[in-house]
Amino acid sequence: MSDEVKKRKIEHVSIALGQDITAPQRANWNDIQFVHQALPEVDLDEIDTSVTFLGHRLRFPIFMSSLTGGHPEVTSINRNLARAAEEYGLALGVGSQRAAIVNPDVAPSYAVTRQYAPNAFLIANIGAPQLIAQSRHPAFRVEQVQQAIVAKETGAGVCREQALLLRDCGVGAIDVGGAGGSSMSAMEAARPGSRADGGTANIGVLYRDWGIATPICVVEAGIARLPLISTGGVRSGLDIARALSLGATLVGMGFPFLKAASESYEQVCALLETVVAEMKVAMQLSGASSIAELQQTDIVVTGETRAWLTIRGFEEQLRDMAQRRWHKYMATEM
Amino acid sequence: MSDEVKKRKIEHVSIALGQDITAPQRANWNDIQFVHQALPEVDLDEIDTSVTFLGHRLRFPIFMSSLTGGHPEVTSINRNLARAAEEYGLALGVGSQRAAIVNPDVAPSYAVTRQYAPNAFLIANIGAPQLIAQSRHPAFRVEQVQQAIVAKETGAGVCREQALLLRDCGVGAIDVGGAGGSSMSAMEAARPGSRADGGTANIGVLYRDWGIATPICVVEAGIARLPLISTGGVRSGLDIARALSLGATLVGMGFPFLKAASESYEQVCALLETVVAEMKVAMQLSGASSIAELQQTDIVVTGETRAWLTIRGFEEQLRDMAQRRWHKYMATEM
Amino acid sequence: MSDEVKKRKIEHVSIALGQDITAPQRANWNDIQFVHQALPEVDLDEIDTSVTFLGHRLRFPIFMSSLTGGHPEVTSINRNLARAAEEYGLALGVGSQRAAIVNPDVAPSYAVTRQYAPNAFLIANIGAPQLIAQSRHPAFRVEQVQQAIVAKETGAGVCREQALLLRDCGVGAIDVGGAGGSSMSAMEAARPGSRADGGTANIGVLYRDWGIATPICVVEAGIARLPLISTGGVRSGLDIARALSLGATLVGMGFPFLKAASESYEQVCALLETVVAEMKVAMQLSGASSIAELQQTDIVVTGETRAWLTIRGFEEQLRDMAQRRWHKYMATEM
Amino acid sequence: MSDEVKKRKIEHVSIALGQDITAPQRANWNDIQFVHQALPEVDLDEIDTSVTFLGHRLRFPIFMSSLTGGHPEVTSINRNLARAAEEYGLALGVGSQRAAIVNPDVAPSYAVTRQYAPNAFLIANIGAPQLIAQSRHPAFRVEQVQQAIVAKETGAGVCREQALLLRDCGVGAIDVGGAGGSSMSAMEAARPGSRADGGTANIGVLYRDWGIATPICVVEAGIARLPLISTGGVRSGLDIARALSLGATLVGMGFPFLKAASESYEQVCALLETVVAEMKVAMQLSGASSIAELQQTDIVVTGETRAWLTIRGFEEQLRDMAQRRWHKYMATEM
């Protein structure tokens, strides 16, 4: 890894922790509303939050999609995340492996992950060129982390056509990585180096809002009938429940876990406890005692999310999502 | 009742009186507009505001849904409400009876209700467990207040499917208790005690806006063809008229009456006179001389309320509500 | 006229002149957009702005709907308006005649109108009871002003059903008097006397926005196929053109003319010149050389106006109004 | 050219450079969103941005639609623009030729254009009367600039019917000149001279927002199947890409180039480099390696733009634009 690339990576982490690099006007998660179920059908203590993803049973449908990797200074962040993944049985993203492959001295920043999370489900990023180069490089044990290919977008989202293409390419799952969370364009624009180049910084600002909002991606990519990870702008357990109800199997959170992990392992645990508690409230109030039931409860989609999905041909699907219990009720009556 | 529960109740009253605990962005009542009828068909003095609810003739379709009960300090509040209910022939909600059943020393705070309102129509809250326990407890004369089961939601609303379920369970009426008024989540978050627990307070804030707006509930629950009480965010006689026109039989107001009753009996009477006068103006200007006619006048539903109801399958019903007089006119012409 | 009624009238004028008594959030006129016609089809100097209303040829489709009458102090206002009506060949509203009939000493405030506008088309307000009483009262020569019955609403609008009813009653024209302009509720609330009575003032505030917006009324009342006067919230020649394009024959402005007339005759003339110039620009840019052509040009209706009219059953009509030239083009091609 | 006309022209340039004379609430370009294509199909360096317009191959689909001309003081502005047009192979608008025809002493301000851009594609404005007069006037060599008739609107847009009319008149292309950019009404209103005349200034303000937004014009005028120039409110390479995807062949920018050219030739080049870089990012991220492919990629139209186009009869076309790749995918599958 060139010094420039290394410097850029550590700058990204610093920027993500120190600045607001989210696209502020993306309120698409609030476009998704559950239909409250007044009668207490579900006991909070009996809610089952486990899911099966690519053959792995996970206790929670939460994916810690770390932004970091490839630099000695971020080792403690990765360790805190790994410990939590192991403790809570979560899926964990360990960032790009390109740095480790081309530059063995940063390998420990990755290796710490498997060391502290021997049993956790890890998802690593490897670009296509690196995938080809992996077999002949001894510094990084790829076989430990790679078990299936998860196609991953990083902030601009996956649409219907791309999801079908990815399915046809044989990927096992898709991380839709939609717009609404940390924006790579904005991060790049915020880097000290890029400020010097007015042109590039302006492009970062201009394209800050480019991309498909995450809830839209979950619906669009759903057409491929692959397991989906919903990453992008997820900020609470309520958002997690919304993504699952739209059809995701896992829900990724990057920035909030990165921030917690930069403080301590305990902060990561506290964040997890909070979002799980929040998610369970949504499940209870919408009458879902399992993730499968959550995916059959009623949700009302409005605003820009509805406008987009309607013109893209998903109007009937939105109508169905808003009336799943009604259709079930009618079917029972007849 | 444990000291903790007792303390929480009095705190709820204090919070409700001293703070704004309503969900501010819920403007759903303003989504309901009457179609003005220019020709003066109705004499203000001849408007009949009476309704029949569960076999009881009430002079006004107004239900004072008190939030309080179960604490000696609130006895005067209940007395002021009870006197007004008796004087105006209103339905009165007397809060949860659980406290009185498990803790006889707070019974007087409830007993004052029947004492000052010997003939008024009272609606008491009893949870399912208390309903079973009632027969063997001498401290509270349940038979005086309970005459039919009114299923009551407390701020998150009743949807179509739940209304049908409640009907199938044999309830006699539904208080839809929709979102838009005092928020239990927000109240809980505002309690001094809960502030200490960051997690719980955050959940209160996160779920402050959870739930189905009251006007939506009235339309959705209307499918069960049971008498409906429309409680939640009602703040004027115009809102009362809107709820009735959407199909409610009674309209509940909690916080405004609680606030008036904490001051004096006279304030409760003044509030009642005001909302009745406001309601009559809406009736006159929309050409309705009775509540039954108000329920046949034209209303135009727009905004978020229309967006929700459209995707939930009530589009035709909204169209009909906006053209009831036209359909009548066309039927007469043919 | 009782002293109380006389005092109220003069207060209304004072309030209208000194305060903003319009409903501020009614932006319905801006919901109406012309489709610009780029090619210069129309010479500004050859635009014909004349209309025929109830058999009278008027040089401009503008109706000065004065709010005032019945008080000696307003005589100069009426004189200024009358002179302008005579000079420009406009229709002029001369306010309620009830005062003159029951109280001869205020008759001069009305008589000045005919004195200074011997040939203008006058429209007077007479309530139904006064209409019956007119023949036996010598103080006011009703036969000079009354030539046909124009049913007039005063700020809350006429809907489809009421327009049909008025047609069936035999009225010759309708002044839709829609919401958006000076609000009688707001005026009543702003009167010094009414402030004392908190209840009434509150009702004024609560009902400030009651009523059907004027552009909506013009479309709804259009079903009766009677000549329409579009009064309510019209504030420019562009609004006048919008109302005409929606189907009105005359467009009324009250408050702006009242304000100008309270200053001088010259101010009334200046205002007229301005709104006529503004109206002609709209006609030229939309390719209309006459009022009849303006009523066949394309207009796009959006926002709340479209939402209301769609649910009331006028969707096809709006679509047609937006494509009148297209339908004509297609008819020519075939 | 009279002194008054000459003065007005130089004032327009001053106003355009010194004040914000754009209609601020026209956000229609943001109503157009690309559907991000996650898989990197396109190499940034291999993107072909060339287009053919009226038989001329241009390296970029960018048209510098200069506002100026006809005054010695603006000669340097025109020279800077001409040098850039020559250097980058752009189309250049050289403003109204009327001044040069009637007043030979301002001809150099135009002649500089061809002097510095001997090979560039120039588009000159000539009004119909001047077109007739051209043959008998020796001062201006019309044959150098006029090669085909491009019908040009100047800020209020071209609708469907006018586009068809222009096609039937035999024009070779249309510059839709839509609303959203510099407003001639606003400029006229801002002129020192016009302020004196309250009436005219008010008309400028009143009609500031008149006209059809540029993206709407591109869709509407598209029906004529002529090459389109999309001018009006274009402010970035992303807007350029949006206009092209809607169907334009060239995209005009006036004010930004005028501002840059008033500073230096280098500023014009820098602006060009920036907007080309921005445009290429949009092409890459939407998977288009050429302008033809950009016109077949998916775009989602929302907001006021969608509301207008829907009621004007373009609903199906918008739906198709949002699903072009889907239809292609389905066609391939079948």
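Every chain is named by a letter (A, B, C and D) in the order it is written, and numbering of its residues begins at 1.
Throughout what follows, contacts are C-beta pairs under 8 Å (C-beta built on N, C-alpha and C of every residue); 3 or more make two chains touch, one makes a residue touch a chain.
Since this is a predicted model, take the numbers as computed values, not measurements.
*Asks:* So, comparing C-alpha centroids, which chain is the farthest one from subunit D?
*Replies:* The chain lying farthest from subunit D is B.
*Asks:* When subunit C touches subunit D, do the two copies use mostly the same residue numbers, with over half shared, or different ones?
*Replies:* The interface is built from different residue numbers on each side, given that under half of them are used by both copies.
*Asks:* Enter the angle, 0 to 180° in steps of 5, of the rotation superposing CA atoms of subunit A on those of subunit D.
*Replies:* In degrees, rounded to 5: 90.
*Asks:* For subunit C versus subunit D, what separation do you get between their C-alpha means, in angstrom?
*Replies:* So the centre of subunit C lies 42 Å away from the centre of subunit D.
*Asks:* What whole-Å value do you get for the distance between subunit A and subunit C if each is reduced to the mean of its CA atoms?
*Replies:* So the centroids are 59 Å from each other.
*Asks:* Could you pull out the residues of subunit A that touch at least 2 other chains?
*Replies:* none
*Asks:* Looking at which chains touch which, would you call it a line, ring, star, complete or other?
*Replies:* Contact map by chain: ring.
*Asks:* Over in the complex, which subunit B residues touch subunit C? Could you list them?
*Replies:* Touching subunit C from subunit B are residues 33-39, 236-238, 273-274, 277-278, 281, 285, 298, 300-302, 306, 318-319, 322-323, 325-326, 329.
*Asks:* So in the complex, which bits of subunit D are touching subunit C?
*Replies:* Residues of subunit D touching subunit C: 151, 153, 156-162, 164-166, 177, 179, 199, 202-203, 206-207, 210-212, 304, 307-308, 311-313.
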